[in-house]
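Look for chain A in each of the two complexes below; its partner is chain B in the first and chain C in the second.
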Partner chain A sequence: MLTLLATLWQSDSAFPNGAFAFSNGIEGLAELGERLDRDRLAAVLATTLTHRWARMDAIAVLLAFAAVDDLAGLVGIDSRLEAATLPAPQRSGSRRNGLAFLTSHARIGTTGASALKVEVDARRLHGHLPVMQGALWHRCGLDETSALAASAYGAASTMVSAAVRLGLVGAVDAQRALAATLPVIAGLIEEIGARSPVSADDFASMSPLLDIATMRHATSEVRLFSN
Partner chain B sequence: MNVAPRDPTFRVAVPDRLSPTSGRQVTAGLAFVRGGGRTVLARQHVPYPFHITRSFALDPRLPELATLYLQSASGGLYRGDRLRLDIEAGRGAHVHLTSQAATVVHRTPDAPALLTTTVTVREHAFLALTNDPFILFPEASFVSSMDVTVAVGARVIVSDGFATHDPEARGCPFDRLETCVRILDADGRLIATERSNLSGRGFAGVSSPLGTYRAMGSILVLGPRLGEIDPHALTAEVEPLGCCAGMSELPNGGGLIIRCLTMTGGNLARAMDHLFAAAFIALMGERPARRPK
Partner chain C sequence: MNGPMAMPLDETFPRSIAARVGIGGPVGSGKTALIEALIPVLQARGVDLAVVTNDLVTREDAERLRRSGLIDPLRVLAVEAGACPHTVIREDPTLNMAAGDDLELRFPGLELILFESGGDNLASTFSLDLVDWWIFVIDVAGGDDIPRKKGPGVLRCDLLVINKQDLAPHVGVNLVQMEADALKVRSNRPVVITDSRRSAGIDAVADRIVRAVLFR
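What follows is the complex of A and B.
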């Protein structure tokens, strides 16, 4: 029961994890002329989760979860994630979101968070969000499957929230899109569980439209979100 | 969940499911050096199906730059091919390797075509490797792996592009596309890496990562730049070509990446030519002469 409650706590939008500042490409897609109604938003969520989250963030969460007591290991995973994230707005967004998440845990007093923040402040660690999530959620009592679920749900709900705040889709249709995404998340986590052992060599991504959207958004004159 | 024991080495992206008995297994090598104010092809091993033209001096304001056309003499890539190309630009050498036309990847049942490329660019050398797009035919599986090693002061442009063609209009997509690019410094330290994997069904589906576009390309622009590229101007210039493009800084100060999407392979080739010219100007300070094709 504690694992479930800890997962709900970490997935709660009231938790100050800094995600409110990021659209993770939604604002950029809108600027490209994408009409993000319910169905298109659901398709974008499925694309992002399938072609980026499952092959990049999910692996980083798992590796960091396993390396929670190994600072050198976390630094290695974090630096490989930095090298594998080619669009700069995605790198900076992941680092900034990771720092906000880490800062909240340090203030709450989560075991190990303050030590990690020292490393980030000293620039020995980039502090990418999935790496911080994997390490700190282990400390919070989540298991690996719950950590993956919280990570995927957080990625999807951040994009859905951004779409609503940008006025691209109504709140009810946004929740329909999010509900339609839950089986996608479940399927991806099952696939990950069935994979052969993963390492940082497996970081992969295939999201050219989302990449271009975030690249162009970074130089937009008017924008609501950081990426 | 499975996490591999940590291994500090980086695994090479060669799939282990290829049959060792099917297809061609060929390695080619090209080494360029600077001498007498020119760049010369000092060493070459170019067995079939590779073919390389002689060197052309196409850029009057850059007499040290040698341009050569690299092509497949066999009409494309076939089932089970395991082709490898090693290219080296020696200290101060300036070379542009391009192609005369797109490369077709034919149907490859059960045995993907594999192309491995290594690019080594020594101190203060310039190397551009800009092939026309690969055209993936129905049921084609293609694995492309590239390592780019960049020394201090070296400048590099590397592009790749992928489009599809269904000659019988059967609505049958390619099978799978896998790519892996690693950028390393001269000491072997990883600067940036990108691995991708896309099925034909994923490419053509409603959740395609290309959106409604059907061809994609990337250009890496590495090393010290003589000038900057204005991202707004660049994206505006290629829009009339039906190209949606974006540009960003690579990690670890490695350089730039330019991505582009188009509806057709023809538009992609034209857009990539334009983007190459912008990258070339940024690195070399001169507009490249037209490369006749």
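What follows is the complex of A and C.
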């Protein structure tokens, strides 16, 4: 039961982790003229989860979960993720969101969080969000499957929340898009389980429209979100 | 029943080094102007300070301070508010906390960090996870009934600043009554009247900050 409760705790939008300030491409897509109604938003979420999250974030979460007591291992995973994330706004967004998440856990007193923050502050660790999630969620009592679920759900709900605040879709309609995404998440987690073990050599991403939108957004003078 | 133990907590978590002061208030009330006026006054008193801004849509406030010539531009950080000016200083201040930590690391000896909110309405308040003490800025041009509306910002801040005192006769505001109303709804907790552009009342604000968080 504690595993389930810890997962709910870490997936709660009330948990302070900085995610609200990131649209992860949604604001950029809107600036490109994308009409993100419910169906299109659901399609964007499925694409993002399938072609970016499952091949990057999910792998980093799993590897960091396993390397929780191995600082050198975490540094290696973090560095590979930095190198494999080509759009600069995605890299900086992941680092900043990771630092906010880490700051919260360090203040809460999650075991190991303060030590990781020392490494990030000293620039020995980039502190990418999925790496911080994998390591600290292990400490919080989540299991691997729960950590993957929390990571995927967080990625999807962050984008949905951004779409609502940008006025692209209504708050209720947005939840229909999110509900339609749950089977996608479940399928991806099963698929990742089937191809374990994974390594940093498996990092890959193929979401060109989102990547372009994110990069264009970085030079926008008027924006509500960090990326 | 066997199961996972409750998560043990590390009680040696990091604590802030510099004092952290919030400056919130409605858009256009003069938060950035107040900071511009405060910087030289605090510097003259030997206070080592930095600023974090939370611009709502652009980085205009941060850029304005960086280009002001009043402070090393590296001592001004901008945090995006994600369309949520309340969230970034109250429900989820972690991005601001991290920005403050970063400034402390980069500027050893830093004593004071001012956090300027993105500006919103009378309901915004600061989390005490983020700041030790906070100021709420309103202005006479917003109407002399603002204190009587008893917004949480007006009621709960440590110091209420009523800015743009010079405009009172031009917008039909009885400033004496406005100040009396403010003191009444705040149960006589501090209120300072300012004209930030002419530095009127700024010493009184600086006195309050220095006394409250730097114990001087």
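Basically, the second predicted complex is superposed on the first by the 226 of 227 C-alpha atoms of A that agree within 3 Å, B and C clash if a C-alpha of one lies under 4 Å from a C-alpha of the other, contacts with A are read in each partner's own complex, and residues count from 1 in each chain.
Operating definition for what follows: a residue touches a chain if its C-beta (ideal position, glycine included) is under 8 Å from a C-beta of that chain, and two chains touch if they have at least 3 such contacts.
Please read these numbers as outputs of a predicted model, since none were measured by experiment.
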item	value
Touching partner for A:2 - first (chain B), second (chain C), both, neither	second
First, second, both or neither for A:139, with chain B first and chain C second	second
Contacts of A:108 with chain B and chain C, given as first, second, both or neither	second
Partner with the higher number of touched chain A residues, chain C or chain B	B
Touching partner for A:14 - first (chain B), second (chain C), both, neither	second
Which of chain B and chain C A:165 touches, first, second, both or neither	second
Chain B versus chain C as contact partner of A:212, first or second or both or neither	first
Overlap of chain C and chain B interfaces on chain A (superposed complexes)	none
Contacting residues of chain B [partner chain A, same complex]	1-8, 10-11, 190-198, 202, 206-211, 213, 216, 218, 231-232, 235, 244-252, 257, 259-261
Parts of chain C lying in touch with chain A, wherever the complex brings them together	3-14, 56-58, 79-84, 87-88, 91-95, 97-98, 101-102, 105, 129
Interfacial residue positions of chain A with respect to chain B in the complex	32, 34, 43-44, 46-47, 50-51, 55, 62-63, 65-67, 73, 76, 80, 82-89, 91, 144-145, 148, 192-193, 195-199, 201-216, 218-219
Residues of chain A defined as touching chain C within the complex	1-3, 6, 14, 16-23, 96, 99-101, 103-104, 106-114, 117, 121, 139-141, 162, 165-166, 221-226
